[in-house]
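Next, two complexes with chain A in common: one pairs it with chain B, the other with chain C.
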Partner chain A sequence: METWVEHLLLIALPAAPAVGAIVAGCCPKRATRLVWAVGWFFSVAPLVAWVFLRAVLPASAGGDLLVSIHLPWVPDLGIGLHMGLDATGLVMAGMISFIALVAMVGTLPSLPELNRAHVVCLLLAEAGMLGVVTSWDLVLFIAFWEVTLVPFFFLMGRGPTRGGVAAATRFLVTSVASSVLMWIGVLILVEAAGAPRTFDLGELAKRLGASPPSSFSSAWLFVPAFLVRMAAVPLHTWFPAAAASVPTAAAILLVGGVLPLGGYGLVHVLARLFGPGLCGLSVWLFWIGLITALGGALASVVQRDLKRLLAYVFLAQMGLALVGLTLGSEEARMGGFLLLVATGMGGGCLFLFAGVVCSARGTQRIVEIGGLWRFHPAFAGLAFAGIASAAAVPGTVGFAGTYLVLRSLSGNIIHLALAAGAILIMGASVLWAYRRVTGGSYHSEMWATFRWPRSRQVAILALLCVVIVLAGLMPGPISGLRPTGTGPLVATTDKAHCGGRTGP
Partner chain B sequence: MSFLAQMADLHVLLWMVPLLLGILVAAIGSELSRKWLSALSIAGVGWPLLQAAAAAIYLLWGAPGGYSNRIDFDWLTGGGLFSMAFELDRTGVWAVLVGTVVGLAAQIHGVFSVSRYAGRHLFHSLVILFIAAGSMLFIAYSPLAMLIGWEGLALSGAFLVGLWASEQKGTRTGMRWLLFQHSSSVLLLMGFLVLDTDPGLGGILVVAAACVRAGQIPFHGWIPDSTYGPGAATALVHGLGSSLAAVFLIDRFGFLIGEYDYLPEVIGIVGISGVVLGALACIQPQEPERALGWLFMIYTGLAFLGFSVGDDAAARILVTGEALALGGLALAVGGLSERWLTREVAGGGTHGLRRRRIFLVLALAGVLPPSVFFLGLGRLLYSLPAGTVGTALQVIVIVSFIAVGWALQRVHRALAGEPGAKTAPTSGIMDAAPTGVGALTFGLGVAGIFSVGKFVVGGWVGAGCAGMATGAALVGWLLGWVVVRRRPLARIGRLTYTQRVMNRVAETGLGIGEILVQVPVMIVRTLGVIVWRGIGDFVLDTLIIGTAVKTVEGAGITLRFVHNGRIQRYTLVVVLATLLLIVTMLR
Partner chain C sequence: MIAVGSAGGYLVVGTLWVLGLMVALLEVRIPQARRIAFFLGLAAATAATILAGLMWPGDSQLVLAGGGIRMDGFALYIQVFILLGVVCSLLMGLHAPENLEVGTTGLLLMAAAGASLLAMASDLMGILVAFVGALIPLWTIAVIYKGHNGREAALKGMVVGALAAALMGLGAALILARTGTTQLAGIALYLQSADWIGSDPLMVVGLGLVLSGLGCFVAAVPFHMWFVDVVEGLPAPAALLLSGGVMAAGLAAAIRVLLVGFQPVVLSGFGYLSWTSILHALGLAALLICNALALVQRRLKRMVAYLAAGQAGLVLVTLAAIGDMGATGKQLVVSRAVGGVLVFLAVHAINWIGLFVAVEVIASGDGSDPKISRLSGLAHRHPWMAVAIGLAVLCMAGMPLTAGFFSRFYLLSAMVAADWTATAVVTALSLGLVLVMSLGLVATMVMRPEHPEDVRISPALKLVAALSSVTILALGILPGGILKVAIQSAESLVGAP
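Presenting the complex of A and B:
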């Protein structure tokens, strides 16, 4: 039985940051403290709303709506304000709220006079992303999908280098172009679903499920939009350039919000409309994912720029997530979903770390950074949680996802070897980078003289670290999803203990 | 007995207590006085040792039949595929005991040997975390717990090996270890994953993971570098992190070895190749620490050979002797490592004669009866199959001990230091750590003979064969002494051309290990450049996506120019008409 409190909390998820953006925009430009206070308050608000939602909603697996609200908008056209959350949406909403908080609290604008615009853009981006997660009407979904682009365009274009502008343009152009295709796909599906016309995702899925008119080609129209956001090959080229040259806040939101949202869209829209097999697309997407994973891992090995290296590593992780999401089994999908969470959390952690370190050092070249362990062991140590997650070290959320995806691939040794090779290479490159950045001697004269890292950055990194480890150690309870079956590995361990000879 | 039973039942404290203490030492260690830091550091390793000893007594003499002390954390992890469970059985308690003994010796040694280093609390913290990871591995009852322990050893070991690295060499050292060990973790994960669908392949992958971890051929490329750290780190990383962990893993999955005929053969070939390669590598002129690394390889190869002939007990006894005897040697040679350390920290000299005497005792402890290693060696040589192959293997093993003696002699000589070098101040307790470990090898040997009888060494035949190996080691020692007397051992930097070549050969594991490191890295890097620059940047970014984006951008810029009046509208019309005309004509 849903209550008005749950509805209010659901609406508060995208509404709170949107209201915050308006309030911050109305503040005087010079009132920096007020603007930041508004920003912090309204970025904490969705997280608080999410915590309450998580507490009151029952744990449930699958695609059942846990909470939803349906209001008429344009009834003649079948458009409604249908918002809701299922189990995956709930996790994704929590992650995005958290990552937005990380970006808000952990970063500063590149120029002091950009405080207000920075805060407004961050809040708008958060509102857009949470809107995407909660939308169950395709018009609403695409509206939020597009709305997200605008604040990102401005956030990305205000980096220290001109590369940010180019990356922002590339992101905007490819996103808009792919969204047009998605629009066409939506219109085709709505027509195919018959009268009365509806854009409601659940209703469309029900109708198309009863009489599947959707073809391979109409399914393809949706794919570029999600692949662009996931930075999957061959539509990935905007991401490494963007991650390397945009301000830290934008980079955190890109890797922690936009990338996982692409994967979430794939599950939320595509899998719902076209079924788990995606009308035969899953094989193509599987290979795209595997190529992305391998290509990203290989490209990361030869990077000398810290942020670029991290970008390619997370690109590879997204590739693995795509592999998991397109495999048929429940286990693999959960693995893919956990990898989306891993990218969000690990990416947020590492891009915050890299942003702080690179701005203090004034360079992004790995060989010119070193000795962080001696300067600030806590900061360097906390960042290791993100590194470990990216390298799929057991006990982290990255491992939990990787483990499930690899397990689903274990039937085919070639697929397994390719995926494991990608994990090995990306782990090697990210560990190498970490060793270089934290090891060696620290020469204080090479670094900026102002106080860094700030205590709030250390605190937020610690929080991320805790979440990464907790989600890795208890993926079921944290994500609300449960892998089915005990698996034969437990039996194997039994055999190892009982069947093996014991004692010298 | 109830107290002992509780110690066995609460076995998760074996890793929980060190984990918490390790974190505590890392967090507040820099603020603590030296006394408190030492006390906490030793407590972090001492607790699991005491608890494991108590649990071992209970498991051996007090536990009823069918006793099980399994503890699972399914309430935490959600169970299912993420089941995390622990159980302490006899194999586990043996491994924990051996590991913590080496760990305690290393920690005590480290309290004095790294005392002048500013970040010493991190070293102690890493040692404790290393022990915690090892204990977790040894009592793991589920794949997840086992993988966490396995990877935990790799990560803490990487920092232990390379923590002191302010220079390129140290960074490379830590990275090599880390990359190899991360590979072993991925192999182990793959092995676990395919065990149910293809147990044979799963077994090979598990064995491969163990080989990488143990630095057995052809995965030995990390061995020479990994001994550059402090002696305490070398003892731990080799004694516990690689040899003991690898042997334990194979032991745990021993049921697979029995089911597939080719697995014992693979393990046997790897083991004997390791013995031969290690013997060839350790007799080359090189730095003493590096020679010790090759000795570890030889001893682990012997343990692998034990598994291949179906004598698991021999493998366990051998690796126990290896961890204690060679671990002790690494601590004794730590004087040199410390000299390497002090070069960058404070400057200093060598430790002098006392260290040499300790080394001599320990070197003998490794091969002389009734040390525990001697017992294992006798048992192994007795267990080798009859016939030509068995005899050949016996001869190879015995002859390889000439190289062991030779290498030990070289290291012993190197401990004398350079003429005129001043002796750095040293502590008696610091020397007590390796001495104690050496005494323990004899003690365990005596206890083994008294408790099990002469058959623990494979009877008189085994004892005779092991005695021949001891004789070979003594012959090697004498040969080395004669050769070195005629041509004094030169230190690095003063080697002749031939010696430099030989040193390089030894450093790279006779070339094979280096090839296995360099070739894959080269291939991956080449592919990386092709993928990144060729396919990613040029084809996708520039030609496909770039062209599309530039076209849109160009159209926008053109329209802006038209709007600004920089391009007249009629000019645009003329250009477009011309383009249209050309396209039409072409079609």
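Presenting the complex of A and C:
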């Protein structure tokens, strides 16, 4: 039984940060403290709304909508304001609102020019991402998907280096080019679904399940949009450059929000419309994922820059997630989804850590950083949760996801070997980097410019640590699945999609 | 809705024309009365806008001038947005009246009268007259404007315009020779009963000439150069009228000519030589070339002019797709698609107001085309103005939450409905190009250091900026109402399903 409270909480998810952005934008420019207070309030608000929503919603599994609102928008064309959350959406919404808070915390005071505009952009980006998660109408989905670009462009470009602008431009160009293709894909599907026209995701999935589209060319039009956001090979080039040169807050949002959202889009839109086999696309996507995982892992080995190394590691983890999401089995998809969560949480954790450390040391070169363990053991120790998750150490969410994906790959020894190799390599490189940064001797003059990590940064790192471990130990409830794993992660009809073509 | 009847059409056009003449004379004869003349003009334009709005949806059976003018919903719908643009361009003239030569207000009104006539004309000769009537006052403004390239631009415009008029006139004459009429309804009637016209050289050449003339007038590639030069040579208010209102009216005229007059050509199976394929090629060329050229411009007015020509290309491509669709008898889809194009034209007119606010903000006193770099750091000094300009720029690129998103969505949706997937993909990618460019423009305002010279922003300019921004946001967030009106207007032209 849906009540108005649930509807209000659902709307509050994207609306609260959007309102916050407007309020922050209307604050006087010099009232920095006021702007920050507004920013804090409105980035905590969606998280609070989410917690309440989680408490009031029934803990059912599967692809059923737990809560939804449907209002007409452009009735002549069948476009509606349809917002909703299913089990996966609920997890994703919680993660995004949490990561946005991490990004708020991760905004370093060392960049004085990051003031009102920065807060406005952070809140807008959060609103856009939560909008993507909650939209169940394809036009609404595209609208949020594109609108998110604007705050990201400015978040990324306002960094201290010109490299940020270049990375932002690259991200922008690839994102825009891929998302306009998605427009066309959506329009083709809507035409194929017949009259009366509708852009409603659930309705379209139902109709296309009954009469599947004959070719998979329209599915291809969707793919680049998601692959760009997931930073999958060959559309990944924007990501390492961006992660290395944008401000810390933007990097946290990119790794913790944009990357998992790409994977979520794959599950939320593509798998729902084209069935679990993605119209025969999943074979291609599977290999793209495997190549991304291997390539990312190998590239991370040769990095000298801490942020770049981390970027390649998470790129590899996204590759594994893509492998899991396209494998077809329930277990693998669960693993892929857990890896999305692992990237979000681990990415938020490690980029916050790297941002603080690198800005303190004034360098991003791994060999020039060292001795952090002796200097601030709590900060270094808490960051280990992220490292462990990226290295798939048991007990972390990264392990849970990786284990499930590997187990579903066990049928094919070559696939298994490639994926396991990627995991080993990325684990090794991330552990090496961690040892170099935290170990070694401590020279006080090296850390002369080190401002202590703020207590709020340590606190949020501790919180991330708890989430990573909890999600690793109890992946079932966190991902909204029954412990037995019988609930379908992706809502699909039983009828065969695309003439029965399925994945590998 | 007021049943003003036949007087209404004359009222809108005639008031503007006569008042324009009076205002121009008043300004020239008594320079002290300039302000009075100006407000007289503003009042006339506002009254005409309200009149056109009240008369909607008009009466599609009501014909004037022996069938040459139709006061249908389509005409009135377009007129409302053209006239709204005129009101805004007159208001913009208040910002820096010293930059405008004496007589400009009157000439603007006369051009507006031409544009209004263009929206109503449903006769080849009427359309020709209306085109020339709208453009001659604008060329005259370019001639008297103090900018150093105005005269050259006006000369170019007149030469190309004369050529276009000659082509279209000759085409109309050939068609008249065969069909016995230049009225679109008559031509359609003839074509419906005629056999395949491919073997009829008179009709083929006539149609080709009419298309060339129309192409020249709406600045389709390769006839776009005059347009860019004239926009550059005009003061911002007049340039706004040319690239916003007159462009929208010209495209509306093209819709009327092709979908009413020559739709049967597609039906009768003209094959690869039908106007749809020609328009398809012309439109795609305009879309790609003009958007690419806009990307490399350093001066704002030229950039906006290229973008306007690119917009025209977008409409032409969609028109070709709709023509193809009509051939397969999807009447429901046709009226919806034409409705989408009408929304696009309205949004274009509104959007260009916002863009020319940007031009006017950084306009220099000597009448030269301002450099884009002059916008740098505007957001630091004038954040609200930067928001308004940013909205207009993002609307042009089809960013969600602005009116531009849905208007482009409708056009792409029409192309996909006609099974023109490849064209839709190319179009979408070129829109992506515009989006990247527009974010670059916004980045100039936000991320660059402030320009040493401050800009002056008058209350009149603020009012215009607020008007365009609010409309852009309103149509972007609540797009349902205007689409309904537009579809109903389209049905008055292509018939209800």
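Everything that follows uses one rule, which is that the second predicted complex is superposed on the first by the 473 of 504 C-alpha atoms of A that agree within 3 Å, B and C clash if a C-alpha of one lies under 4 Å from a C-alpha of the other, contacts with A are read in each partner's own complex, and residues count from 1 in each chain.
We adopt the following convention: a residue touches a chain if its C-beta (ideal position, glycine included) is under 8 Å from a C-beta of that chain, and two chains touch if they have at least 3 such contacts.
Quantities reported herein were computed from a predicted structural model and do not represent experimental measurements.
In the superposed pair of complexes, A:Ser300 makes contact with chain B only, with no contact to chain C.
In the superposed model, A:Trp220 makes contact with neither chain B nor chain C. Once the two complexes are laid over each other on the shared chain, residue contacts for A:Ile423 go to chain B alone; chain C is not touched. Of the two partner chains, neither chain B nor chain C is touched by A:Phe41.
In the superposition on chain A, no contact is made by A:Phe52 with either chain B or chain C.
Shared-chain residue A:Val173: touches chain B and chain C both.
Using the contact criterion defined above for the overlaid structures, shared-chain residue A:Trp284 touches neither chain B nor chain C, since it reaches no partner. Shared-chain residue A:Pro475: touches chain B; no touch with chain C.
Counted by residues of chain A touched, the larger count belongs to B, out of chain B and chain C. Contacts of chain A with chain B, set against its contacts with chain C after fitting on chain A, overlap at residues 169, 173, 177. Listed in rising order, the residues of chain C touching chain A in the complex are 336, 339, 383, 394, 399-401, 405-406, 409-410, 412-413, 416-417, 421, 424-425, 428-429, 431-432, 435-436, 439, 442-443, 446-447, 479-480, 483-484, 487. Residues 169-170, 173-174, 177, 233-238, 295, 298-303, 312, 331, 371, 374, 377, 381, 388, 391, 393-395, 399-400, 403-404, 406-407, 409-411, 413, 416-417, 420, 423-425, 427-428, 431-432, 435-436, 439-441, 473-477, 482-493, 495-497, 499-504 of chain A touch chain B in their complex. Against chain A, the residues of chain B that register as touching in their complex are 26, 76-85, 87, 89-91, 94, 119, 122, 140-144, 146-148, 150-151, 155, 158, 162, 165-167, 170-171, 174-175, 178-179, 182-183, 185-186, 189-190, 192-198, 201, 251-255, 312-313, 316-317, 320, 524-525, 527-529, 531-532, 535-537, 540-541, 544-546, 548-549, 552-553. For chain A in complex with chain C, the touching residues are 29, 72-77, 117, 139, 142-144, 146-147, 149-150, 153-154, 157-158, 165, 169, 172-173, 176-177, 179-181, 183-184, 187-188, 190-191, 221.
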